[in-house]
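Just so it is clear, A, B and C label the chains in written order, and each chain counts residues from 1 on its own.
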Amino acid sequence: MAVEHPTLELRGITKRFGALVANDHIDLEVRAGEIHCLLGENGAGKSTLMNVLYGLYHAEEGEILLDGAPQRFAGPGDAMHAGIGMVHQHFMLIPVFTVAENVLLGHERALGGLAGAKQKVREISQRFGFHIDPDARIEDLPVGVQQRVEIIKALSQDAKVLVFDEPTAVLTPQETDELMAIMQQLRDEGTAIVFITHKLREVRAIADRITVIRLGKVVGEASPQSSSTELASMMVGRPVELTVHKRPPVLTDNRLEVTGLTVLDAIGQKVVNDVSFTVQGGEVLCVAGVQGNGQTELTEAILGLQPRATGSIDLNGNELLGDSVREVLDAGVGFVPEDRKVDGLVGDFTIAENLMLDRYRGAPFVSAGTIDRGARDEFATEKLGAFDIRAQGIDTHVGTLSGGNQQKVVLARELGRPLSLFVASQPTRGLDVGSIEFVHSQIIATRDAGIPVIVVSTELDEVVGLADRIAVMYRGGVVGIVPADTSRDILGLMMAGERPAGIPAPTPSKGAAA
Amino acid sequence: MTAQQPTTQAPAQAETVELERAVVKHWKAPISYAVLTLVALLLTVVLGRDGSATLRLASSGDLFQLPDAVLPARATGIVIVILLAALTALSFWAAATARRLGVWLPIVFGVLFVVAFLTWAGAGSMIPIAGLLFATVGLSVPLILGAMGGVLSERAGVVNIAIEAQLLGGAFTGAVVASATGSTLVGVVAAMLASVLVSMVLAVFAIRYFVEQVIVGVVLNVLVAGLTNFFYSSVLTDNPALNSPVRLPKIPIPLLESIPLIGPALFKQTIIVYAMYVIVPLIAWGLFKTTWGLRLRAIGEHPMAADTVGIKVNRLRFWNVALAGAVAGLGGAYFTLDSNGSFTREMTAGLGYIALAAVIFGQWHPIKATLAALLFGFASALQQTLGAIGSPVPSEFMLMLPYVITLLAVAGFIGRSRPPAASGKPYVKQ
Amino acid sequence: MNDRPRDADDPMEPAAQQRPGGSPDSGVAPAVVHAPEAAEVAAPAVVVPTDDRRVEHEDPWGSAFRRIMGGNLVMAVLAIITSLVVGGILIAATDERVQETSGYFFARPGDTLAAAWDAVGGAYWALFQGSILNVSRADAGFAQLIKPLTDTLNFATPLIAAGLGVAIAFRVGLFNIGGRGQMLWAAAAAGWVGYSFALPPVLHVLVAIAAGIAAGAIWGGIAGAFKAYTGAHEVIVTIMLNFVALWFITWMLRTPGLLQNPGSNNPISPPMAETAVLPSIFGPPFILHWGFVLSVAAVIFCSWLINRSNIGFQFRAVGYNANAALNAGMDVKRLTVYAMLFAGGFMGLAGAQQVTGAVTTGFTSGIDAGIGFDAITVALLGGSTPWGTFFAGLLFGAFKAGGFRMQAAEGVPIDIILVVQSFIVLFIAAPPLVRAMFGLPQPGRKSRRQLRDEAAIADATKAKGAQS
């Protein structure tokens, strides 16, 4: 399909946020009938670029051309009219509306009212073999189906260019495969597709062209035949070494035994379904799985944050289930939450205050109901050095720190008291490579100190690097617990909910956990 | 990638399979019914009163005269308590088996409870039901229009605590402008415009300056009370001519006004009330059946999603909040141009807050909010009626009723109140 | 906003990665203000079923907080000046002489302006004399000269206490609009103790005030419990509880045998026993009573509570980020109740001061005198800090004291004070508006030059980083 002009062309797009240059003279070309991957780390500026393209942001410099004609987008409405459709990372769907209402919104006249929208939904569903009821409410639909509604929404506007912004983050490997099939079908129909991701395997599987961006700049184009290592080093800018150096585990008597743990959510769904496992002191159990398969709820249940949990969580003979968070922490559980800014830190507090956040009662920081500022500051100063937290001082507000330094504050706090269990959820999400190495070394040091460690991660590389054993979760249940040297293919299958031959089934709850 | 090709069949099914569910039982509703049944038992049996209550259903201009309903207090009470107990039991059974019952249950329960209460309170005297209904409508009009203002504004994503200010501003301006121009209709329009102005201040601070909307609302209530008091003291008291508008005439609708029981209450009213009859269904239809409504609800639920399909969120919010003001302003005009005839200090007396309560109890739905406002209006009308016949219940407790009901509603004991998701949150974009 | 709202990733990350390689010289990212609003609207569309033990991710008060905390003195002063100007315009507009002279404005505009100047100047001069120094009676002695100042302190007394009741709730992320109800219950309890018991002088008044504080705390705590255990919004709950309290107290006041003064047909309580009246600090002619000292003590206590105590630490943690507090083992629900107990307690002090200090001849259901709402403006102007609330209380106390004189001497209705007060809060809450009015630079919106400089610095830093 050689056309004179590419369907979409971006020239010298520059977007600044204050002192930060999120996009620095970015050029990009997408032709009809090709899938162009935009590869880059979290925060490299991919989403910003697409928001500029979609008219949500206004670029300071540069121009957007469609079929060779320069465009000016005052808002997303203009971009849509020009033929750009977007499948957003966080679905832009109104939960209490029906599918048809969501498709109709903003295009009431063009679609000819609700009846027209329903017709359109049926039409497109049929074309792609979706089974979607136009009258279903979005909030009642599973995530994968919601994404299809996003796609239908974009297609209902006859988009020439379709942008998929990190579409696989919320999908299982199976759903990912199906999505890719859809993307290929769209490509074959002549749509120009921009596929934004940081997952190398997906890029290599589907891309026709690859543009890598880093720190807001285009680093270069890569061929789909490039190896993962090549792509990764382009993406992060230096050869990455994700191997974690660790000695064989030395098991100790410390022991966490989870038996038959079931967690219900507010509407009664079993988000964690009869999970049993054991972690011993001196080993790391990694919980792998696609985001949203119950890992979050599992760790929260251990911490006492899930009210509707049944079963048993036994730490060295001490039943934790039913205890309050306070009691769990006092039992010696250290916890690194999945989202440090939401759950781990108080951004408006200083580093010193955050370091005593979960020790607000009694010694060493509180006496007679009053905070001992001397003891607090002394502790903070020590940890600032020990954990290499780069900040002006202990009075710096945590909200102004970089992600890596924020995570170090969390670690310094959680590892700063005597522990009998350490749980880390997505401990390196969104961190730079240097910080990742530091976090990993701290986790291994904790393990080597004889403490049972649970690490939840959606990144297979991290799981394989850290784990002594791997538990794979799918739809709330544990598919199986396998050794750390299990192949990625098998792990991938397990993440899709299948148990390949030779993998033992997890022990039923009534039996002895192993 | 290829190594991960699924080996099982029917992958498409995988995503439609829902997580396993456990049965969740809801006990709040049956417990609420049980408590109310106990209250009824306490009133009608334990504290039972002798004598009969005469419910006068007829009024003078009726097409045909309905006979009085004479209900022996104690016997009626016992029968109704038994019925209430049966309904409560039904509700417990439904909860235990995780079944859902229709909306008829709360309605039947409510009507029975009210009848039980009326016969108990009115034992030995006569209650003019037609008059009660007439008063109910009269007291409900500003509540309903205020609540519509609240519904529109909050559905668009702007919390409207300032209903009180909108009503008060409308009442004051309506009185002054109608007096000054001599035209009541001009007064009505001016009342609406004044209220729109209050709304616009709310909207500008909420949308443009991202000020916490509750703060703006509360401050606007104080500001408008202060302003109207100031002008009342400094201008109106010296110039009574500026505070003597010609009231709107009652326009009886032939035939309809003679329907027994409800005729006079509904069809012998002023233009404001008739306008309300049109406005409420219009809003309900518009919200759920038109493009305007679709977009309005969208910006109140998920403004960013609306933005991504090209809807100008903040502009739309601004104008809809202004529209909400216009509707509430009509309610304000009702005070000075219909029910009262002149402005007095802080004459809305907290009714704006009852309207807010109706919005919440009515789950941000125009029809339900109207019913809630009617219920609250009925409670105050009942309080007045019982006050006249010598009520066994202190009038203050009747006056408290709307607030207590709303407290129970927001606490989840009555119905489920979920506000529009983005209500109260400013929409900020780069 | 500076953030890229639709990216779930750490918004600090791009800043951190701006320094390439492993050569960060400082871990502090450039001040990227993370706006809570942006994060809220960016919340994923996927509806996560709510879990009542998890606190909502959104922090509805976050923005208000930041604004309240970030308010500086300059903005406060500008807001006050602007509001006084608005008040002046209203005074001039309703002045009869101004109206008369404006009839021939274009012929002799000087007359109108002079009249306006007289009206506004006279009113504000009366305001000053009524609240600070009574210059016109300076010859009557020092006591008469400074009496207005003590009147100001007198009016400020309940405003400060009630302001604390709003401020402390604010710090926990709660909006206490329930001052009226809490004060009414406090007044009823303190009043009842005050007139129905016979106790020794000092003890009696202290017991009465303690009863008031307890009653206010309970009514506040009920609101807190609604919020904590049912998830009901505290704004709605406190508003509704205000009216419930109002009607309940009204009923008690008109019911013989409860709070009604025996022999009276009006809804009014018996007068306080003399032992239950807060004595004047300086004696006649000054009316300033010891309640002011209690308010100062309350400020000191509140300051310790918020800034130094471990419960205050938890309060602030919950107010800033309830989820992190939950993860740190704090019992957010219980803290919510505690916070409203304290808030109601401070309101209760204000209510008790009213019956034991201001109106000792028997109280009615109007005893709260609008202080519950004034308290919101006091706390907002005071930036929700204890000492800020103190000074804001003094200012509004001065307005009240002066307002009465202004009404008596110049015939300007005291309601103008309410108007000025409301404008102050509106302006305080919207700094960009005030900045725009005074032509000050907007910090969020940078000037072209600032942007250019920043870009240059960023480029330089990057170049340096690339070399290393």
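For this structure, a couple of remarks:
Heads up, the rule we're going with is that a residue touches a chain if its C-beta (ideal position, glycine included) is under 8 Å from a C-beta of that chain, and two chains touch if they have at least 3 such contacts.
According to UniProt, the chain labels map to these proteins: A = ABC transporter ATP-binding protein; B = ABC transporter permease.
This structure is a prediction, so every number in the text was calculated from the model and none was measured.
Using the average of C-alpha coordinates as each chain's centre, A ends up farthest from chain B.
This structure's chain pair with the greatest number of C-beta contacts is A-C. Rounded to a whole number, the gap between the C-alpha centres of chain A and chain B is 44 angstrom. If you average the Cα atoms of chain A and of chain C, the two centres end up 42 Å apart.
Measuring from the averaged C-alpha position of chain B to that of chain C gives a distance of 30 Å. Contacts with at least two other chains are made by residues 6, 42, 45 of chain C. Looking at chain A, residues 17, 56-57, 88, 91-95, 143, 267, 269 sit in touch with two or more other chains. With touch defined as above, residues shared between interfaces to two or more other chains in chain B number as follows: 302, 304-305, 429-430. Residue ranges on chain C touching chain B, taken from their complex, read 1, 5-6, 35, 37-38, 40-42, 45, 58, 60-61, 63-64, 67, 90, 94, 175, 177, 226, 230-233, 235-237, 239-241, 243-244, 247-248, 250-251, 255, 373, 376-377, 380, 411-413, 415-419, 421-423, 425-426, 429-430, 432-433. Listed in rising order, the residues of chain A touching chain C in the complex are 16-22, 41-45, 47-48, 51, 56-57, 88-95, 138-139, 143, 146, 165, 170, 215-216, 237-238, 265-267, 269, 303, 305-307, 324-326, 328-330, 335, 337, 341-349, 353, 357-358, 360-361, 366, 369-371, 389-392, 396, 399-406, 430, 432-434. Those residues of chain B lying in contact with chain C across their complex are 161, 205, 209-212, 214-216, 218-220, 222-223, 225-227, 229-231, 233-235, 302-305, 350, 353, 356-357, 360, 394, 396-397, 399-400, 403-404, 406-407, 410-412, 422, 424-430. The part of chain A that touches chain B in the complex is made up of residues 17, 54, 56-58, 75-78, 80-81, 86, 88, 91-97, 101-102, 104-109, 129, 131, 142-145, 153, 172-175, 177-178, 201-202, 204-205, 264, 267-271, 273, 475-476, 489, 492-493, 496-498.
By the touch criterion stated above, chain B contacts chain A in their complex at residues 1-8, 11-12, 14-16, 18-24, 291, 294-295, 297-298, 301-302, 304-312, 421, 429-430.
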